[in-house]
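Notes follow once the structure below has been shown.
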Amino acid sequence: MLTLNKLKALRRVLVDAKRFYLTRIFGIDLHPTCQFSLSAYFDRTFPKGVHVGKESYVAVQSMILTHDRVRGLYVHTRVGKRCFIGARSILMPGVQIGDGCVVAAGAVVTRDVPPGCIVAGNPAKVIREGIDVLAYGRYRNADETTLRLKAEGLLD
Amino acid sequence: MLTLNKLKALRRVLVDAKRFYLTRIFGIDLHPTCQFSLSAYFDRTFPKGVHVGKESYVAVQSMILTHDRVRGLYVHTRVGKRCFIGARSILMPGVQIGDGCVVAAGAVVTRDVPPGCIVAGNPAKVIREGIDVLAYGRYRNADETTLRLKAEGLLD
Amino acid sequence: MLTLNKLKALRRVLVDAKRFYLTRIFGIDLHPTCQFSLSAYFDRTFPKGVHVGKESYVAVQSMILTHDRVRGLYVHTRVGKRCFIGARSILMPGVQIGDGCVVAAGAVVTRDVPPGCIVAGNPAKVIREGIDVLAYGRYRNADETTLRLKAEGLLD
């Protein structure tokens, strides 16, 4: 556990460093409360087009694109508030993700997503509507679920 | 060829080192006979949930997930024996892959897969059933196929 | 901007170094005019099977595969002229991409693609035919589009 805690502290320092150069040097618009993985990919060809809202989470190896070389497009791609952008998902250039959305792992999002939706697949489709999430796209009962798993000894 | 052989020897050392820290430090359950790429991703948020069986192969950039932040889930994801988990595929948290299965490159597996199946796509679907494979998910005639290609001079 | 220009110069040096070792040491067939991202993945298990044509572009994290361990296959995978192989796409072993094609980001291409097509999805499907592109798969009006966006002040 000590080892894991030290690794977590190191990761926090590296994430802060990444946040600094992404926002200050590249001009990417990351809300101060948003969180992201070190391996999240923000398009640096048109960095000003990346927008991530309050209390959103951008998970491991996910990719937010803002340019399209084929069409010569440089556009704004927006993630709303309280979203969860899942592992290795791709947000195509120009896509807008509404508040409180969850993008499933591996999803390739080619169209705008209305607030409160879960999208999954390639191309991504809405698989659930009207979800109601807390910060970072977490379900209201997420903490409860984790505590239950712990109580049942399933996390040891 | 000398260069390639040296690279392969180096890779073997690095894979052994990765195996050591994944199993001993993180507690990931990798069968001693399973093989994996250096770039394979095993979820370290709940490392004890990762299980890879005897004589299975986890290919380049594939991802085995065991937690779901959105729902607060920390679960066990299992790969059976003699499976081949293809390049850049994703096994979603909690998924169970039966013995002797092949997960195609880029597949995103969201449901359990019965033994002896090939799955592909996002979301992954069963595209073949009842396959009969040897160790590491190899077809019985795989060596024969390779020898034939060599004999035909197609590998030079 | 100075910073970005210096980064671009550094990237050019690294790309040239990668081109050198891929073609001279591994024997990968990259046309001298083709361009690729540093993070593009060319299958080194059967490197001679990779072929990328004149004035084609292989984008960030895309993957060109030439072997299939399951079936013991080592085959030739070919990208034609003036193609754009999009971010994090996968070309499966043996696939042939015709001249002037665009492979969308995240696509997993499992079948040959006729010339002048756009393919997307997993498995990838043709979503447009008969496109007419310039070098690197760019639309004829791509420069014009970019200039218009600049004139409208949308790129600042």
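Going in written order, the chains are labelled A, B and C, and every chain counts its residues from 1.
We take it that a contact is a pair of C-beta atoms (placed from the backbone, for glycine too) under 8 Å apart; a residue touches a chain by one contact, two chains touch by 3 or more.
Only a predicted model underlies this, so the values are computations on that prediction, with no experimental measurement involved.
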Legend entry - Fraction-based call for chain B against chain A, same above half, different below: different
Inset, instruction - To the nearest 5 degrees, please report the angle of the rotation taking chain B's Cα atoms onto chain C. - result: 120
Legend entry - Whole-Å separation of chain centres (CA-atom averages), chain A against chain B: 26
Legend entry - Multi-chain contact residues (two or more partners), chain B: 108, 122
Legend entry - Of chain B, residues touching chain C in the complex: 3, 57, 59-61, 84, 87-88, 102, 105-108, 120-122, 133, 136-139, 141-146, 149, 154-156
Legend entry - Interfacial residue positions of chain A with respect to chain C in the complex: 25, 41, 46, 48, 63, 65, 69-75, 90, 92, 108, 110, 122-123
